């Protein structure tokens, strides 16, 4: 919480506006309880429009609800920190994978929620399926509630390269983002506001789904 | 979240006080989680007392918890924006229908809640029925808890003209407002404060009802 | 929400500190969702120490989370407003009854919660019984968790004189306060801080009890 | 809530930074609802690095969400207040036990949650067992989600010396902290931020577990 003494400034090269958007996103996620302890991480692409650009991401081990601008560091597309000695979030490689695969994506959010954690741990199928939610329209390319959408579930793994390899073949067809079981959600969008909106929509749907299952405990989604 | 660069000012003709009430209502709804992503919308009648007046409504695609005054635009009673190029909320026509049908209504709120979304999706009857809540007294004309009140449920539809036509015959007898399945609530009142109070009362009752069903999973309300 | 134009000042005779404590209590209750719409009410005894004193209470029809000092008015022990034309909360008589019966009580809170509303509506017994909560120690005279305490439940009634008469014979033995079914809780204490602490403790216990019943739906408390 | 008149200043000897961290921790715990009424307590070790140091702890009977610096008092390792007449929290001895047993621990938090209270009251086994949560990594020495961790449950007791004696033999092997049934959690860490992170992680896991049991009511964790 709060400052915690002097920290080296890693902002070198990261525009203050980018760091500011990441800080604000962390505060918003904390407000919903999606970044408990030092969980969650947040990244943004920046740099020349049209180029692949550069990646700013939260560093490891800090509470995402109380970020300082200096908690945002730069990594390359392989997830390596540009300033030796700075340590990015554990799941940095997954952010890089998304930003590498989707040139139009500029913001990536990873958060934990109780509803998502629980559903992802109890669902035996390889995805959670949702049907008929108006909030589908918060996701790119969705113009109607009248659809059935899947949220892919991947087994948790502390080896990020291996996890990224498991996710890779599915990346192209994930209208809602994806979820790592017992761990958390990944969503992305062209702006930080749009990424936050998608995370809110996804978490709202997960909360609805959890409540629907409570009312019909045997109900699965597959 | 927040600003998001330069936006044209659409306030021409909308009193700042009206825009301010809409902005505050959005912040309050966000506090409760009823405007996830860019969901929900908010409108107010303004203009000469005694006349049909004019309609101010939130524009499309913005987060209702972080509205700027310039996110409030004017539409006519057919839901058409007065300033070409401004885009009102998708459900504008439903606001216009309510303000057209109830001359004493000056504020209309549309929000999404987890409890309402879930109940509206699982209830097979055409309405949710509630009985014995003290909070009934928050609704116009209700002087006692000792009543049984219906919240009509309408199937969701992306075609607003068609949806409005389905709702029209029921509008005259809706003490609590109405709900679109898997989508959200509509309430209205003579002031923004009164509309917010009704939405709070309705959502409280929906939350109670959801909990009652959790305790007796087979319980329906019809 | 917020001001709402000019209001007559009814503070005549009510110390600003007393009105301020009531305003703050309303904000705190709103933070927990216990004063939805215009529900809930708040009162304080003031005046000469040792005397029966005078009663300040919230007026009718305002949101208790957004009180102004001028929303606090004076009533006599029969619940009649001292300044003609001011209208106290509907349940004023219940506040007067408590302040009349307990000379050491100086603050009375009435709030609604989802957990309390639901439990009070579904419990067939005349009280909710709780056992083994550490939070019992927040209540006067309770030195241990190792007890079984009752929260009496009274049927809701819009006739306050009749409701007060039903409550009267039980007032002397209510360690936790009491609850009106489908309506809300009444707690009191020697200071506003202590009354708020009791309400928090009671609502925490009600929330626990609701969750325990969810896990064992057939579980009653009688 | 708030001040409450003149209070003697007990800060003599306690660095303002230490009191400030305790005050902020209380505000954060209140934000989550973990310090209802006057429940919960918070302590920190301070003084010469390398020495056993001294103990600052919240005094008894105040709301931990509204602490003033003067609500923080000093006790010795036997739990006795250094300034006669100041009264530390009831469970002070448990804080002293932890700070005595773990030289690297500098902050201890005790809070109540609905999920923890309920689970600790209904679980017949001597511990709650959790499996597969990414948030395990918030706890010292845990590098993976792929584990099964126990949260020991102890029967509540108003006799702190006796309770401390029951806990003592288990202290060395508690990766998540411990829980007193129907009462609350104890966690500790080398800094206040780390202790808060652990409490957040533990409560998140407890909330998940409560939800998992709701979906499968017969599910135990033993």
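Assorted remarks:
Note that the chains take the letters A, B, C and D in the order they are written out, and that residue 1 is the start of every chain.
Definition applied: contacts are C-beta pairs under 8 Å (C-beta built on N, C-alpha and C of every residue); 3 or more make two chains touch, one makes a residue touch a chain.
Computed from a predicted structure; not experimentally measured.
Common partners of chain C and chain D, by the touch rule above, are absent. For the self-contact between chain B and chain C, the two sides draw on mostly distinct residue numbers; the shared fraction is below half. Averaging C-alpha coordinates per chain and comparing to chain C, the farthest chain turns out to be A. Separation between the centroids of chain B and chain D, computed from CA atoms only, is 43 Å. Mean C-alpha positions place chain A and chain B at a centre distance of 31 Å. Multi-chain contact residues of chain D (touching two or more other chains): 214, 217. If each chain is drawn as a node and touching chains are joined, the picture is one closed loop, every chain linked to exactly two others. This structure has the following touching chain pairs: A-B, A-D, B-C, C-D. Of all residues in chain D, those touching chain C in their complex are 1-2, 4, 33, 36-39, 63, 90, 112, 114-115, 117-118, 121-122, 156, 158, 180-184, 210, 213-214, 217.
Against chain B, in their complex, chain A makes its touches with residues 24-25, 28, 32, 132-135, 138, 143-146, 191-193, 196-198, 200-201, 203-204, 207-208, 211-212, 214-217.
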